[in-house]
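In the two complexes that follow, subunit A is the common piece, with subunit B as its partner first and subunit C second.
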Partner chain A sequence: MFQNFRQAMAWLHTWFGLVLGFVLMAAFFFGALSVFDREIDRWALPATRFEPQPMPSFERVLRPAFERLQPDPALVEAMRPRVDGPMPERFDRIAYWSAYTTHRDPVLAIYAGWEVPGAKNPDEQLYALGTIDPRDGSALRDDQLKIGSGFFYPMHYSLTVDWKNLGFWIVGLAAMAMLAALVSGVVMHRRLFRELFTFRPDRARLRSVLDLHNLTGVVALPFHFFFAFTGLLIFASTYYFPVGHTQLHDLHELHEKHEAAALGLPHGRSGVPAGLANVDAMVAEAQRRWEARGMAGDVGFLVLQHVGDANGYVSVYRAGTDRIALVGQGIHFKADTGELLREDPPATPAARVAEFLTGLHLQHFRHWLLRWLYVLGGLSGAACIATGFLFFVEKRKRQHAARGSQGARIVDALAVAAVTGMVLATLGILVANRVLPEDLAGRGDWERWAFWGTWLASLVHAAWRSAPVARGLPNPAWREQAWAIALLAVAAPVLNWITTGDHLLRTLGQGYWPVAGVDLSLLAAAAISASAAVRLGRKARAAAAAAALREAEAGQGEAVHA
Partner chain B sequence: MSATSIRSRHPRLQLAARVGAGVVGGYVFAWGFIAAGMALMSKAGMEFHDAEFVASALGLLLWLAVLLGVVAGRRNPAWAWLGLLGGGALLAALGSFVQSTMA
Partner chain C sequence: MPDAFLHAATLLACVAGMGWLALAMDVHARQAWGRALAPGAARLLRVLGGTALVVGLLLALAADHASMAVLVWVMALAGAALAVAFALAWRPRWLRWLAPWIGVAVRTPAASAASSRRRSSGPA
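Presenting the complex of A and B:
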């Protein structure tokens, strides 16, 4: 098949990279944006532009908010066929109430789950989520799209294709291809260290594109490997290898029963009604215990299991603001008496490794410099893949032109859509967010359509303008879309100013970085894109002049011969 | 018709079979490895979710190694399919067996 290992790796690198690179671009680019997902939410939802809040009082704020929650009627309707007997008017067999917050969240997302009487599968529950203002407990509209945490974030791991979890599988396969491309890339290149310092922008286009591909790949090699690998690992036991939920389900159940017995935490409901003691007192006790350990901290995760049942208990977890683990130091109380049930022991070595790997990927801790380095790492991954596409096209363009093949032309059009098109789609949803009327029905859906519509338009434009590639020349769509990016990236902050009054002087003056940061990043993107467009224009003119000269010389030659 | 002649006559089919073995066969083999690993480590006294995490992490790396090895391999890909599917099934059966001794 292949002459040697290196040749096999080169084949794998080229073709896996080409086929799944388009998905990887999205994973890296939207992953980079997800680093600031909550800040993008603030930009997109002006009513939530206030300072991050600690976990609010349960008795005063959370309890009324949880009591208001009921499952969405559509979910209730969807479950009806899987239930014996009628559905209750009001769901009151509470499986859990929970709230999770970080040092970057002004609004609080709350979750509730209910057991359904008569459910054919007793494990199937109904759930609901809500968003509240933690300062007074008032419910915030939950039909608004959180563009950062509710769209860009899931885009980076599932492309928001939820049907049969297809999106998770596509991205998972792409992550596996990324790992394979990294290993095969290292095998292909012997002079790894030298490539760290090699970029020759003045050389022929093919050479400088390859330099940049190698540079972005090698500089951030550990970063790329880590994120592709931990991304797979985070979802492994849920989506990719759900062994514990399928084949070894019995072992899982057995473990849960043993654990419940060993820990003194009840497994399942007892069926005996019981009250709920003061949860704020339990939270205060948990905080006192953390302080006694020399690690005073805020509550990150609060969860109440089996509320209203004698087996109910309350778990209080410390926010991981100052450490890599998302949350930790769990302390559990009996719900009806408030009595301490147990304090979690120190994590086992395997659990510590798991906390470290997932915590470092998800990065909920406070470290703004590292946060920006993540963005740079993610963008360098996207740049590495984009330059990979360009190298593929540049290497084949002239041969394909000579043979009359359309291969390079098609790949180039797809690359335009994957690179500039993806940025345009991102700007499209932000601009739509600012121009659509506030009370438009299904506003979030319109925003999503703006995103996909812009992306599709970019692909159509790239294909329509791609004819020169078949003659070995560059596609003008690159330059035109770069100008479109510059235009939209200026329009977005201007529209933010017009619709909310929050211009940069004000947000910078107030030190409100979530919105100022998004605006500044947009303007930086506009500047970079405009300068790229100018350069591309200059090169196109030079190429056109050279082509004209060649034709003129050929014409003269013919005249002499005649 | 010998395997060699299929190889030379249908290089694309041969390549597709090889890549398929690496991706699909590798997945099945990794599943078996994770199931057997989880069950055995649990049996040996490791906490269930710790065993799940360790087995998944190693299983993912195993899948990557199998994918690279099979694509670069020289032998007829039918052997890779056979070995990976058979090996995966055997490992998965081992996992279920160990589970049955515990529940």
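Presenting the complex of A and C:
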């Protein structure tokens, strides 16, 4: 089929890239946004615009908040058929209470799980989550859409397709295609190092697009490779191979018991009621022990297992703000006495590699430069795929035009929607967030609809304007949507100013970077997009003038003949 | 504050290193100076470039835990290469600042006309 290896690689690169490129673009673009998901949350939820807080005191703040939590009545109703006997009025067989925070979270997410007496499957638990203000423990609204961590981030890893975890499989497949595309791309590229710095914007369109494709692909090659790879790794361990929980349930259960025994931690409830010693003292002890190891740090994750049972224990994990690895260095205490049960030993080399690889992708560290470099890597990945599309379309456009085929129109319209449309949709949800009334019922859903609606509108617009593509000319939708991006990207910060009073002078003056950073990034996007639109307009006018000249010459020729 | 200083120095070392490596290549030297460099001058730039990248890594290691420093360095290399490539595309003569000891070529009228044409047609 192929004359040589390089041709085979080129085929693989082109078609895998085309089919899964749409997904990859979204994964890279929304991944880049997810680097600052917490900051986008602050922008979208003005009530939460205050400084990040450390893990609050358990006794003063967390305990009352946990005690308030009860499962959602809808969840209780849904579980009722799977329980023998009546559902309790109040759930008090606490399986766990936990709280998780990072150095970028002003609000605190808390979780609770309960065992249900008489449940047909004893493993099935009810759960609840809440959001509190860690300064005073007051409950915050939990029904608002956190656009950064609750929408852009899931877009990044699952396209928000939750049905049967399909989104995870699609994105995982795309990550695999990315790895294949990178390897085949390196094989195809004849002059990887000699043309490392080569970008010739003044050359013919096909050439300059290919230059940009190679440039953005090659310079960030380690980033692209490691992020596709570690993303797959995270998926594989969480979603693709949860064999322990599905196929090997009994064995898994037995293993858990052995593991707990080996670690000196209790497994399951004993049924004997017991109290809860001072948790703040346990946290202080854990912090003292970290300091003694030369790694003083804050608490990132606090878990209380089986609260109120003699087998209860409290685990304190250190926030991984100064390491690539996530939370770790767990220290465990007996809940009723506060006695030390176990201190997690340093990880084995294999575990450390795994921690490094997952931590590298999930980035809980405190390092603003590295965060911005990740954004750059993500955007260059998105640019690499976008220019790949453009190259595909440009290359075929003229052939299709000569044959009178319309095929290139479809791919071109899809490319417009995938590139400018995706940015427009992102801006659409941000603008909707500022325009919709604060107490609108189902506000989060309206915001999601704004996102998908904008995206669909972009596709329709691109298809409607695509006629010139069949004649081998550029689609004017590129330019028009670039103007739309510039407009919306200015509108969003202005609306933020009008609706919250937080204009840039104020946020910059106060040094409140989460909001100032989002506003500045939006304005930068507007500037880049406007300059791209101006340049596209100049090219279009030049092309139109050249076409007019050709026609005029042809007309003159005919006149002479006549 | 010293961390911010070290990070800035890391970025600077990576940009300079990538810039020198690029200028050591004939095609890019022509973009910056309008002529190819003598083999000795190109070799010097290549050595300087390699050294600057190593210095960048050491600076990153001085600022952060090793696991993080390596990531900072790899990503800074990517950013620096992009910056150098865009500079070569739009403002190639800026890169002359990286090697001020290399004299500007005696420009023939034709060459200078070509370069000014390129400049004026380039985007602002």
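By our rule, the second predicted complex is superposed on the first by the 551 of 562 C-alpha atoms of A that agree within 3 Å, B and C clash if a C-alpha of one lies under 4 Å from a C-alpha of the other, contacts with A are read in each partner's own complex, and residues count from 1 in each chain.
Here is the rule we use: a residue touches a chain if its C-beta (ideal position, glycine included) is under 8 Å from a C-beta of that chain, and two chains touch if they have at least 3 such contacts.
All values reported here derive from a predicted model rather than from experimental measurement.
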{"item": "Overlay on subunit A: subunit C relative to subunit B, clash or fit", "value": "fit"}
{"item": "First, second, both or neither for A:Ile324, with subunit B first and subunit C second", "value": "second"}
{"item": "Which superposed partner A:Asp143 touches (first subunit B, second subunit C, both, neither)", "value": "neither"}
{"item": "Which of subunit B and subunit C A:Asp439 touches, first, second, both or neither", "value": "neither"}
{"item": "Partner chain in contact with A:Pro222 - subunit B first, subunit C second, else both or neither", "value": "second"}
{"item": "First, second, both or neither for A:Asp123, with subunit B first and subunit C second", "value": "neither"}
{"item": "Touched partner set for A:Gly377, first subunit B, second subunit C, both or neither", "value": "second"}
{"item": "Where subunit B and subunit C come nearest after superposition, their Cα distance in Å", "value": "19"}
{"item": "Partner subunit B, residues of subunit A touching it in the complex", "value": "1-2, 5, 8-9, 11-12, 173, 176, 179-180, 183-184, 229, 232-233, 236-237, 240-241, 243-244, 247-248, 250-252, 254-255, 259, 348, 350-351, 353-354, 357"}
{"item": "Footprint of subunit A on subunit C - complex, ascending", "value": "7, 11, 18, 22, 25, 27-28, 64-65, 67-68, 71-72, 74-79, 81-82, 84-86, 88-90, 118, 121-123"}
{"item": "Complex contacts: residues of subunit A adjacent to subunit C", "value": "194, 196-202, 215-216, 219-220, 222-223, 322-325, 356, 360, 365, 367, 369-370, 373-374, 376-377, 380, 531, 535"}
{"item": "Residue ranges of subunit B touching subunit A (in the complex, touch as defined)", "value": "7, 11, 14-15, 18, 23, 30-31, 34-35, 38-39, 42, 46-57, 59-61, 63-64, 67-68, 71-74, 92, 95-96, 99, 102-103"}
